[in-house]
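Chain nomenclature is as follows: A, B, C and D, assigned in order of appearance, with residue numbering initiated at 1 for each chain independently.
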Amino acid sequence: GSALAQAAASAATDGDVNILTLPEHSTTLGKPVAANPYGVPSRFETNLLRRESPGLTRVNAASVSFTPLQGLFGIITPSGLHFERHHQGWHDIDPGRHRFMVNGLVKNPKVYTMDDLMRLPSVSRIHFIECGANTAMEWGNVAVPAVQYSHGMLSCSEFTGVPLSVLLDDCGYDRKAAKFILAEGADGSGMTRTIAIEHALDDVIVAWGMNGEMLRPENGYPLRLVVPGVQGVSWVKWLRRIEVGDKPYATKDEAIHYIDAMPNGSYRQYTSIQECKSVITTPSAGQRLLDKGFYNITGLAWSGRGKIKRVDVSVDGGKNWRAARLETPVLSKCLTRFNIDWVWDGSPVVMQSRAVDESGYVQPKINELRAVRGTKSIYHNNAIQSWKLDVSGEVSNVQVY
Amino acid sequence: YPNIGRVATDKEVAAWDIDVRPDFKGLPKGSGSVTKGMEVWESKCASCHGTFGESNEVFTPIVGGTTKEDVKAGKVAALTDNKQPQRTTLMKVPTVSTLWDYINRAMPWTAPKSLTTEEVYAVTAYILNMAEVLPDDFVLSNENMAEVQKRMPNRNGMTTNHGMWALKGKADVQSVACMKDCKGETKIRSELPDSARNVHGDLSQQNRSFGPVRGVDTSKPPST
Amino acid sequence: GSALAQAAASAATDGDVNILTLPEHSTTLGKPVAANPYGVPSRFETNLLRRESPGLTRVNAASVSFTPLQGLFGIITPSGLHFERHHQGWHDIDPGRHRFMVNGLVKNPKVYTMDDLMRLPSVSRIHFIECGANTAMEWGNVAVPAVQYSHGMLSCSEFTGVPLSVLLDDCGYDRKAAKFILAEGADGSGMTRTIAIEHALDDVIVAWGMNGEMLRPENGYPLRLVVPGVQGVSWVKWLRRIEVGDKPYATKDEAIHYIDAMPNGSYRQYTSIQECKSVITTPSAGQRLLDKGFYNITGLAWSGRGKIKRVDVSVDGGKNWRAARLETPVLSKCLTRFNIDWVWDGSPVVMQSRAVDESGYVQPKINELRAVRGTKSIYHNNAIQSWKLDVSGEVSNVQVY
Amino acid sequence: YPNIGRVATDKEVAAWDIDVRPDFKGLPKGSGSVTKGMEVWESKCASCHGTFGESNEVFTPIVGGTTKEDVKAGKVAALTDNKQPQRTTLMKVPTVSTLWDYINRAMPWTAPKSLTTEEVYAVTAYILNMAEVLPDDFVLSNENMAEVQKRMPNRNGMTTNHGMWALKGKADVQSVACMKDCKGETKIRSELPDSARNVHGDLSQQNRSFGPVRGVDTSKPPST
């Protein structure tokens, strides 16, 4: 804190030099409008970036980049920092040549251009997207040094598109026989995922918009599926096709991956819902408090089963809990930011958050998860996260139960 | 919705509707031999996945960890005894359609959808041959896929008996939200290994230089 | 529509070449994760930019750039396209050296660093910001060719910061004597605006966050005031000081500008609330419909007095109206997107939207506004906007009453 | 909020608390003559605002449109008869404090806050002198500002009698939401002049090349 030190030093005398000597920007003319016709962050905002976790995957076109949750505010993820998960790399697809097809158990298999789709009745909704493998590295022991890597396969945006139900109706889907849909991407992996028809008709969106503009290429430009509450792999990017069928498809990413290893050696298949979870983002591991005194402990809570009902925070390793303030609006299958007042007296602290959703489900401890699912499960780790604050002010990642 | 979209032609549907289901709906007619599959594998696959499908270079190994007993049982024993260091593709995959569909749509990685139908049959057969699921002289075809399915080492390895698929499914883990003087241990059971401290780079460069906190300089050891 | 034509042509035969011949991105490996550690829009998204209106001002450091509303979705404005209004140019201020002061009728005048402020209890809320001069060019006759220029001094973001009431409390403001506050910027113009204490204590935020990340430099990095419902000029950027006082300050931008000329030659001073307004963004002037058939008419509604209650749409120049679907959540002092189904039969159409807010206020026609305020008013033009659709498919800006 | 912020020193408050209110709270002691003001104006202001404050080059004119009668009435007649083509600063500004405060904080435009207190008094006096509000030999000071206020041409030109300040203020325009067969004319009263069609550039470049609509090519005349 050189700025802090400086401030303190000069405050002892006449005052802070940053006040007493007017800064240059107060005494000069600044830059014109539209200097950046498409604006970018400040030159002082170069540390919070999407980053990879070394060794997580062996090739970076079938890999992950993580959202820097440690320094974000509110619930909207800046689109430039939305996490990435590609299986065969990303492309910047020409929307004029992109086509979308619906086939299978429908009266009329149809082809739509982007022009067609964007003329249809659209909706915009704010939803979280979380990779099923978020926090996977921590099923066993503590493995990563910061919330970016432990929880950063998580983002939240306002998505705009046409409800899938509108398209299924438009093609005359078979209301009796239809039991599942298959969503298929136009990338090399031809990513495919099965979705139950009830879910498809409920709140799934064929989306082109993200945070007011077109999807970013890394997130599926010009078209992706939005499957609220369900793990990100089902939100098929570069969406080219929906097939209506009567049986699940057991695609690679629902028969070899995104299956949950149980202690008895079996795998749970078709586990898609992201259960209720929360994490304190500031302060969090890899951060240092400069000082004793007041802090706003803040974090995120979410549930694939609906709205967040309550978030409790403990600063004594789980012995006592206080309900945090939830920011409004609290939306279904959307991030909810929580805040709670706290004064650090300089002693060591273990802080945790625990979310409860509208179904009454309580975010579990890691040992409770393991008691049912063992330690090989990889996906769907929604355990309570513990951060240890040391007397030095340094926060680190620990498991507590 | 007047004047929106148009009916797809048969050829268009055929061009894109390539998925193959566990019941083999979508599987095109054709066949391919293990022998031919070895050619395909060595020329188009082995550079990434290893000559025996064992490579860990670009992805987890495809072959390994399955036994003749597993083929009989339809359940891979190493998934329970955890003796295999890594879980290979064949240890996990329950359905042969999954392999066929995925290789057909996505492999080889840098040239997806470039294989002929015969090549896909053949290389699928060869992978299963490497795993000793199919004999050296086998010719895999749309006619005998259902038989091969009965030999998949982990075909009985899956369960859908859980609450994480249905919108109103019941959660398997039921915690309780205690608020005061909560019982039970609250011990630190695991901490970040020192070796992992700086693996993701210096965290002081991954946080703002102002605000409520700073990033820790992880190039140095912790101060306590 | 060469893509359309192509599609139509090939559809007559075997099908669309964009389907029959697999696109390159389906048959190759794409780019790795974190290729862009801070992502940017697609290379096909280069047309929607912040743009100036030629001749509106004479120097571009005291000017405006407009948000391209004609192509945006939902309610969140991408931060790179947030409108700009500077009076003495913009600066990219070093947050480590930025200070914030509260003085005047307070027990303790105080200085805060960004560190201090960001430790305080924070809130995040989605609000619109509209310049008081938005749509000013149309107080008289039709003047501009597109909604970007008629309504583009309008944006909407999730803002994060500490409630001003927290800071006023922290400094012990004089609850009896305090009647107004003055907000002051650190730019060359030292922008200053008076705000009533009731408003200051209500929902005003001293904000650092916008859409999940720090404010952009053009929007006040690292600190700006958020004054929900009030014209943008009060949302002081590069905020350096709040003074608590007992009288209004009659600053340049509340004594020479942002005053409303009335037909009797007097000016209304201290008009700050942005009254209920709406506009159809697609289709809108300067756009062309390619085809008859179904369209989703979509637009935005907002009110400085609270929530939007209803938006009506007319496609016959105001004779008949239908209530549009409002997207949820409908938030106070926030944009609300509306959508309505419509089939174009190829005949000429005049389309309009009309918003009603929770106070019961009905967005007026331009002649109703003029009947009270005349034609010199400049600011606070919240009239119903009419777009004329010609048989050729071209949409243009008209005034109808 | 323990350990957040600190008390400002007097010097710090003095450095930043520069605002001057209509009742002259905040006005520093000092003075400046019209004569000195002319020097300041010609060297530091006239290049942008014109020798007589009349320039329209970088901003609307500062001086012009006010009369001796206005000085008496405290209400600028040209605001009612609309004979002046543009509304100048002095036609509008009701309070002399506003001029003093703004020049002090923001002018000259490229070097804001560079004027001495004397220069601000002087150039404010000179502007009012150009507008014939103050005589040539006037010396403006903190002592006589209140007197000068009484000569401001539009000092009575403002009203706060409206509903757009208070949170629950009453709206001045009361429309009614008719839904069906609404009466009244629905005629097109104004259309975009042809000359304005392409002034903002070609709109086909300001819309996406796909989606529900296209941008109109405004470099060509409308098709009808």
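Convention: a contact is a pair of C-beta atoms (placed from the backbone, for glycine too) under 8 Å apart; a residue touches a chain by one contact, two chains touch by 3 or more.
Quick caveat: nothing in here was measured; it's all calculated off a predicted structure.
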Rounded Å distance between subunit A and subunit C, as computed from the means of their C-alpha atoms: 27
Gap in Å, rounded to a whole number, between the CA centres of subunit C and subunit B: 47
Between subunit B and subunit D, centroid-to-centroid distance (C-alpha), Å: 67
Residues of subunit A engaged with two or more neighbouring chains: 1, 3, 11, 15-16, 19, 26-29, 44-45, 48-49, 51, 59, 71, 88, 95-96, 101, 111, 113, 115, 119-120, 188, 190, 214, 222, 240, 290, 293-296
Junction residues of subunit B - those touching two or more other chains: 1, 4, 6, 8, 12, 16, 109, 112-113, 208-212
Category of the chain touch graph - line, ring, star, complete, other: other
Complete list of chain pairs which touch one another: A-B, A-C, A-D, B-C, C-D
Complex contact set, residues of subunit C against subunit D: 1, 3, 44-45, 47-49, 51, 53-55, 58-59, 62, 68, 70-71, 87-88, 101, 103-104, 108-113, 116, 119-120, 141-146, 148-149, 170, 182, 184, 188-190, 192, 196, 198-199, 202, 229, 240-241, 243, 245, 247-252, 255-256, 259-262, 264-273, 275, 282-283, 285-290, 295-296, 305, 310, 312, 316-321, 350, 354, 356, 359, 361-365, 368-369, 371-373, 376, 380, 386, 388, 390-392, 394-401
Interfacial residue positions of subunit D with respect to subunit A in the complex: 1-4, 6, 8-9, 11-12, 15-16, 109-114, 208-212
Subunit A residues touching subunit D - in the complex, by the definition given at the top: 11, 14-16, 19-20, 22, 26-29, 95-96, 113-115, 118-119, 214, 222, 291-294, 343
Complex contact set, residues of subunit C against subunit A: 1-4, 7, 11, 15-16, 18-19, 23, 25-45, 48-52, 59-61, 63-65, 71-82, 84-86, 88-99, 101, 111, 113, 115, 119-125, 158-160, 186-188, 190, 208-209, 211-214, 216-218, 221-222, 238, 240, 290, 293-296, 298, 325, 327-329, 331, 337, 339, 341
Touching residues on subunit B, where the partner in the complex is subunit A: 1, 4-8, 12-13, 16-19, 21-23, 25, 56-59, 75-77, 79-80, 82, 87, 89, 92-95, 97-98, 101-102, 105-106, 109, 112-113, 157-162, 164-167, 169, 171-182, 184-193, 196-201, 203, 205-216, 218, 222-224
